[in-house]
Structure formats: C-alpha cells, structure tokens
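All chains are identified by letter, namely A, B, C, D and E, in their written order; residue positions are counted from 1 within each chain.
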Amino acid sequence: MNAFLAVIGRDLRLALRQRSDVALVVMFFVLTGAMFPLAVGPEPNLLARIAPGVTAVAALLAVLLSLERLFLADYEDGNLELLALAALPLELVALAKVAAHWLTTGLPLVIAAPVIALLYDMPADGLAVTLLALALATPSLSLIGAVGAALTLGARRGGVLIPLLVLPLYVPILIFAVSAIDAELAGLTALPNLLLLAAILAFALPFTPIAAAAALRQALT
Amino acid sequence: MNAFLAVIGRDLRLALRQRSDVALVVMFFVLTGAMFPLAVGPEPNLLARIAPGVTAVAALLAVLLSLERLFLADYEDGNLELLALAALPLELVALAKVAAHWLTTGLPLVIAAPVIALLYDMPADGLAVTLLALALATPSLSLIGAVGAALTLGARRGGVLIPLLVLPLYVPILIFAVSAIDAELAGLTALPNLLLLAAILAFALPFTPIAAAAALRQALT
Amino acid sequence: MTMHRFANPGRFMRFADRALPWTLGAMVLCLGAGLYLGLFVAPPDYQQGESVRIMYVHVPSAWMALFVYTNIALASAASLIWRHPLADLVAKASSPIGAGFTFLALATGSLWGKPMWGTWWVWDARLTSVLVLFFLYLGHMALMNAFDDQARGRKAAAILALVGFVNVPIIKFSVDWWNTLHQPASVLRLDGPTIHSSMLWPLLLMALGFTFYYVTLLFIRVKSDLLAARARALEVAALQAGE
Amino acid sequence: MSLFEGKDLTCIRAERWVFQGLDFTLAAGEALVVIGPNGSGKSSLLRLMAGLIRPAAGQLTWCGQALEEAAHRSRLHYLGHLDAVKPVLTAREVLNGWASLRGASAERVPEALDRFGLTELAELPCRLLSAGQRRRLALARLLATPAELWLLDEPSVGLDKESQGRLAAVIAQHQAGGGRVALATHEALDLEDPRQLDMGALTPPAAPELVW
Amino acid sequence: MSLFEGKDLTCIRAERWVFQGLDFTLAAGEALVVIGPNGSGKSSLLRLMAGLIRPAAGQLTWCGQALEEAAHRSRLHYLGHLDAVKPVLTAREVLNGWASLRGASAERVPEALDRFGLTELAELPCRLLSAGQRRRLALARLLATPAELWLLDEPSVGLDKESQGRLAAVIAQHQAGGGRVALATHEALDLEDPRQLDMGALTPPAAPELVW
C-alpha cells in the first residue's frame, strides 16, 4: 500500500513538476473541440447535433495522446526495471501508474468539459450528464490505454501504434458516452448508458492491470 | 545534395524497416474517420455534411500524432548531434527529415483518403478535390509540425505540447482545405481555396526549415 | 541566462523605477477620462443603443491583443539576433498580459454579440482568428515554462513567437478578406477614421490608457523577473561554492 | 549457511544462445566478479540473477529452495547499464522515490548522497548532472535502502578516480556486513577477495546466428 | 603548421559556470587527454570544440582564423556519451548511413567494422548488441569516413581489454597520419605522447559575477 502510494506520488510529482503540464492536455482537448466548427461550418443547429460526439471524441483523443509516455519514458531510462523490482507486484505498479495518469489527464478533462459545452452552447442539463459520462468513461480509457501503451514498448512509432490497438476497444465507451448525452438532450433518461459505462469500468479495473503487467514483463526480457 | 538524399533515405529506411509503421498512420486516419458516424449517429445527410470536415480533421490529427517522434528519437539516442555535424547545414537536414516524414505520413494519407470518402459515400468529383486539397495541405502540415516538434525537444510531455503549439498554425490550412471540398460539393469552384493552400505551402517551404533548425540548435546546447 | 556579460539590468532597473510613477499616472488619467466620456458623454448609437458602449472596452482591448503580440515578436527577433536578455524578459512578461487583453476582447465581443447577432459566438473569420491568437499566447506561455533550463525555454518561445506572427495580419484583415458578421475597421484604416469624433475621442483615450497599463505592468514584471534571476544567481553561486 | 546458487544455466536472448551450462555460487560476504569480452553475456547473467529474464534451462536457488519471486525482489538491488535517473527530479527526490518504492523510509538517503559526494548536488535537477554524477546517483541507490544481494552491471563506468575509491569502500563495507555482490566489469576494481567468473572461458555458444 | 586553439574559454550551462579562462592548443599529430573529476567540464569542453555549444566568452581558432562552421563540421568526428545507434538498423547500415551523411562513399565501412571486430556482427540489428558492442560500433564511425580532428568523450567506456587495445592502435595510426585527437577519459589509455589537460586543476569558476 505504502509503495503503491509511492508510485502514484512519484508520477504525480513528475507530471506536476511543471504546473503547465496538466493544462496542456486540457488545451489539446479544447483545441480539438474548437477545430470541428471550423471544419464542418458554423450552423448552430448542426453544431448542436454533433456537440456530444465531438466532446467525447476530443476527450478520447486527448487521453490517447497522453498515453504514449505512460510507460515509455520509464522503459527508455531504465526505471521500468526498478519498478519491476519494487516492493509491490507489477500489477499494482501498473494500476498505480494508471491512477496517476487519470489524475493528471482524465480528471482535468472532466473539469474542462464545460468550456466545450459553451463553445457549442449546450443546455445546462446536457452539460451535467456530459460531466457524469466523462467521469465514468475517462478511467476506463486510462485503464485500457495502459494495456496498449505497455504492449507497444520497444516498438517505434508507438505514438501511432497505441491508437491502433486501443481505439477499437474505446468504441463501446465512446458510443455509450455519446448516447447518454444524446438521450439527455432528447429529454429521455441517460441512466442505462451511464450504467453501461460504469459496468465497463468495473470490468476493466481488475483485468487491465494484469494484462498491462504481463506486457511490461515481456518488454523487460 | 548527396547528403540531403542520404538523410531522406536514412529516415525512409528507419520508417520502412517495420513496414507496419506507414500502415499505422493510415489506419489511425481511417479509424478516426470511422469514429464519427458512431459518435454523431448514422443520418446520411448529416454525415454527408460533415464528411469533408471529418476527413480534414482526421488527416490533421494523424499527422499531429506522428509528429512527436520526428526528432525525438534522434534527440534521445544521440543521433541529432551527428546530424547537426553532418556535411550539410542543419536547415537542409530539417528539410530532408520533413520530406521523409511527408513521404511516410502525408502521402499515405492522400492515398488512403478514398476509403473515408467511401465511408461517407462522397461523390466522385468531391473525392478528386479532396485528394488535391490533401496533397497540397499535408506537406504544409509536416513543415509547420516540424517546427513544433523541434521546439519541444527536451520539454516533458512533448506529445501534448506539440499540438498546442501547432494546431493554431494549422487552422488556416484546415479551413481552406475544407472550404475547397465544400465549394466543389456545392457546385462552385474550389480553385481559390486550393490556390490559398498552395500559397501557404510556398510560404512554409523556405521559412519553416530555418525555424526548425534554429530550434534544433537550441535543443543541442 | 547569461546576464552577467551582455546587458546591464541595473540601468534598466533605475530607468524603470523613474518611469513607473509617470506611466501609472498617465494610465489613471486616460482610463478615467476615457471611461467618463465613453459612458456618459458619448451618445448612444442610433441602432445599437446603449450596448454600443461596450465598444470602449472591446475595441481597445482587441487592438492591444494585436499590439502586444507584435511587441513580443519584435522582442523575440531582438533576442535571437542580438542575444539581448532584456528582450527575452520583455517577451516573457508580455505574453500573459497580451493573453489577458485577448481574453477581454473575446469576452466583451461575445457579450456584445448576444444583443447584436443574437448569439455569444459565431465561427467567423475574425472571431476565429482572435481565438487562434489567444491559443498562440497560451502556447507561448506554455513553451516558456516547459524547460528546466529557463534560457532554453526563452529561446524556444522566441522562435515560436516569430512563426506565430503570421497570424496578426490575418486577424487584422480577416474582415476585409472574408465576408464576416464582424464589421470592418473604421478607425485604423489607411484612409483615416470614419466614425464621429464624439465616439473617436473616448475610444482613443481608452486605447491610450490600455497602452499605459501595458507598459506599467511590463516594467513591474520585468523588474520582478530580474530580481528572481538575481536570487537564482546567488543560489547557484552558493551551490557552486559548495562544490 | 545460505547460498545463492545457479546450476547449469542456459540463456537465450532473441533466439540467440548467449551462454549455456553456466554454474555459480554466491555465499554471504562474497563478491563475484563477472568478466569477459563484450557480448559474452555478463549483463544477461545479471538480469537472470535479478529475475528480469528467465533461464532457458537450469535453475536458480536461494539456500536450496527455488527462487520465490517477491522475496527475491525485495532482497536485491539491480544496477544496469542505464542509470534510471529522471531528468526533472532532483537527486534527493530520485533517492527518496526509490526508497519508498522499496517500502522503506528515506532516513538513509542523506548518508547515501554523502557517501558518493552528491550532497552539494542534491537539489539540482538531474538533467544538469554530468555522466559520472548520474552514475554516482544510481550507485547511491544501493545505500538508500538496505538489500542483501547487489547485482551491479559495470558500476564503475564513467566514475572519476575518487568515486571509484568510494565505490570500492562501499562494496567492502557491504561484504563486511555479510552482504553479497555480483558485478560485471572490464576495469580492475580492488575488492575483498573477489571470486572471478570468466564468461569468455565458457564453451562458446554454437554460432552468432539463429540456432533452431 | 596549423593549430587548433582555444583561448580564455568560458562555458556556462543552464546558468551554471562550468569553467572559465581555459586555454588549449592542439597541433597536427597531437593527442590531448582531458582528465578531471566528474562534472569538471570535460564533456562540455568537447562539445565546445565540436561547435555544438558556443563559449560564453573566449574564442576558438583554427590556424589563427576564427572557426568557420561548415568547414569545422566537415573536419571533425564527435563521439559523445551516447552511442547514436539505431536499434532497428544493422551495424553495417548504421555505418553506411553515417558515411553518406558525411557525403562520403561507404568503401571504408568493411575495414572500419573489421578494425573493431564487428564483422561477424555486421548484419545483426543493433538492438541485439551488448553495451560494449554498441560502443565499438560508435567508434567504428571514426574509421568509416576520414576526419582530421577526433573529439572522443570517454571512448573506452564498456570496452573489453582487447577492444581497448584496438582503440589505442586506431588512435595511434590516426596521429601518425597527422590527425589530432582530443579525448576525455577516466581510465589510463596508452597513447603516443599525450598532452594532459586537467580540468580539476583549473581555477574553479568564481561565483558568477552577479547580474548587478
């Protein structure tokens, strides 16, 4: 436990060493969100239609971008060996790193989501669900992404390989998140979709760290 | 000249050593394109409306993702010093690396674009212009992106910093590319927008390598 | 930062100390007069009504957004060409201020947009390009702090500022090049201003006041940066004495 | 008396035979110096000992029992070719982090820094450290938390004369305390009665290419 | 006779004074061995000589003239702490690539590989090479294309005894051919009448003259 927190603390310190770092993910999120109106044109009603989708996709991509460095840096500078030899099993190390990753990536995105909602002037109730959906979705994104990140260690262009491995697994999350928001905006209940998101999270939480750890061991031999 | 080609050849060999690498960018491009129908729902007319925008954005993001590794690998393993001491000025080295980057990223995207056009069943003439627009836009993306990639060497979280620096500069390219396609689809002429794209390229070609080289020198001190 | 040789910050400090009270006073005067004229003397617009008074904040801040970025670009050029460390500091101190002005232009603009265009935000060329400018500022600030070695961050940011400068003319002339909701320039145009003097005066006074505000803040921030640098130098000296 | 022992070990990396039929024993207080030409398998052997890679054949035992992963992890320090130093953290933070990773407190960190002459540099971000200073920081890890078995891959690389002396002293002290150390090196280090294991003297693997 | 000379050099890295008032001369056929404790500035000096970083004060001259960038680049080989070896390329490809980067043909590559005993490893992807094998490959660069001035940062790190001999021989031959070499090292290398530059003996940089 002690060591578990140590890993989280270590990664948090690394990320927060420059306060700007966290801001960066958020900015990417907002920038991508801001890009679509430029791309699809300014009609407000069209924008309103795609707002939920864009929010989800932008969040998803922001997480994707931040994934590559999740293990790569430690792998390249020899820290991964040390982590593998640390006092706690590699599965927990992986879980701890994912937790830190979410705290520095997923959480800020949830907090920043209102900005995008504003750019597309989304109604307030829709915003509430959006936040809820993101809060449930982003941890799963980090967990699943960690597996991809671990698998691609050693492969060059990991930056592109990870999305390839991970995106298909992200699709259900994406769909449920968007449907939840759409349902709310359409005046229906978002609950079922939110529950599905929760289910995915509950499922990913125990298993992905095991997979990630296995991949990390491979990378070390 | 000889050495210039040598740099290109070197990077091409590195990229093609794992043939998958090029495929990866393309797949990311297609996957992102495929994600939006899932995100915004299946109405054909809506999809038709956003098709050009999505194509452009997907291409832009694919390039963006591949940017980080452009100089980073060489920087971390000590090759950048050797390149800086090569027989040709650093500006040309940068230009050569950009050329290689385009050949392994931009060009494949252009070739793969029809797939997305097909996903959104875009009319043939629209496709022609799409290809033209991408062919003119992607080199500029690589050129401008190179500056961002070089500037962020040694900075942590380069993967997220690069988009923040580069996306704002990408905006005009994005807009002109999309407007070109939209114009064509609306039965108007795409020519003026295509010319604007060409102008941007002509402007970026001489200047961005200089900026990139300056940034690389900074990174080496 | 190799202050030790190339610059004489001492001189700058003395100058800043002497100039500060004046710029401060000028700022208060201009802003006071400008606000008074703008809010109470100047007539309401025959079609926009009272809401036109937003202009007296919106327009100057928009101008400043462009002006400050231009300054940053110039300072960056100076730092890259003549390696003058003060230029670096000016650029570093300017970007947060410029970002502030840009945000003000955006905020007041969209406040104005609600009554005029019926929406907070439209994705037209002028508005978008200003939004881009805002992100350029953010990028500049982020890059500035992205390195452990401050000198490296400064140089990198300088290069970025020069590259990003291409956006400024785009913003300025977006309204002329593309047909947008936003109205074209009526003050800063080659063939002279075309708005009534009762509106022009408060506008110019506000612009002047904003400029003095910028200069004042610039002096203060650069001064504090120099002091920080000095503190760091002392610290390093202590460390190396230990080695 | 407890013995760390390897019997008839075979190592295959990327389908290439590195060595085969290798035996070693390492008793408390002993130092095992692994020498041999480049590519003879010194690093591979140390990674085997650390449990980072598994032997293709043969087995590792700790006082008779086959290695129990968690227990083995917690009793060893491994120092590879890479320094595992984070450029953005200060020397002290690196050591503290490592200590807490091992579930230990940071009380020994100051002494560890001191033993390798890093006290003055403790507050600098590591990217400002020179190659040898980094190496010394990596070595300071050995003292930051206690461990019975040290596995050191060319520990003295990049160290100046003085630091090499410090290293020798530290190792000697470790042995005196009943600790054991296995290290690969090309340079002569003065250790207390080292036993040598010459990888060059092993029967060389069949061929440098693939062997199916 | 042409002289590579540095006068009153000051080096500042990340706001920290590394050394000041350093002079050196390097004539054709000479070897300059830079020694000194970790962090004394050996690598920094070599990077200065290579033109990778600019001196904060003082100047570098080549037979009297201030350095002309392009010319200087083409006349030197720089070998840093990093091996600059691409894991996915084979040893031969790495050298060929480097040769053509220097605008030279690849004719000398086979000999270069041979001189450092890499011939049988030439077709392996470099990720399979051991630390010392990588270092040898980095060294082979020196022979892959001719260059008058060699700047070597701890070239012998990780080399086995035999390879150290090869290195010494290669350097001696280079000097005999009128080439000049400046190298930083902590180990004793047997060179032809080396001149020593002890960074440790320099007057340590005074506390930097403050901002004001």
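General observations
One rule holds in what follows: a residue touches a chain if its C-beta (ideal position, glycine included) is under 8 Å from a C-beta of that chain, and two chains touch if they have at least 3 such contacts.
As the structure is a prediction and not an experimental result, all values here were calculated from the model.
The interface carrying the most C-beta pairs in contact is the one between chains A-B.
Over half of the residue numbers at the chain A-chain B interface are used by both copies of the sequence. The centroid of the Cα atoms in chain D and the matching centroid in chain E are 29 Å apart.
Here the spacing of chain A and chain B, counted between their Cα centres, is 24 Å.
Note on chain placement: the centre of chain C and the centre of chain E lie 47 Å apart, centres being C-alpha means.
In whole angstrom, the spacing between the mean C-alpha positions of chain A and chain D is 37.
In chain B, the positions touching at least two other chains are 14, 18, 156-157, 161, 164, 167-168, 171, 175, 221. Shared interface positions of chain E, defined as residues touching 2 or more other chains, are 13-14, 16, 39, 81, 88. Counting partner chains per residue, chain C shows two or more touched chains at residues 128, 135, 138, 142, 146, 148-149, 152, 239, 243.
Every residue of chain C that touches chain E in the complex is listed here, in rising order: 1-5, 8-10, 13, 148-152, 226, 229-230, 232-234, 236-241, 243.
Touching chain D in their complex are the following residues of chain C: 148-149, 239, 242-243. Residue ranges on chain D touching chain C, taken from their complex, read 87-88, 120-121, 123-125, 127-128. Listed in rising order, the residues of chain C touching chain B in the complex are 80, 128-129, 132, 135-136, 138-139, 142-143, 146-147, 152, 155-156, 159-160, 162-164, 166-167, 170. Residue ranges on chain B touching chain C, taken from their complex, read 144, 147, 151-152, 154-157, 161, 164-165, 167-169, 171-172, 175, 203, 207-208, 211, 214-215, 218-219, 221.
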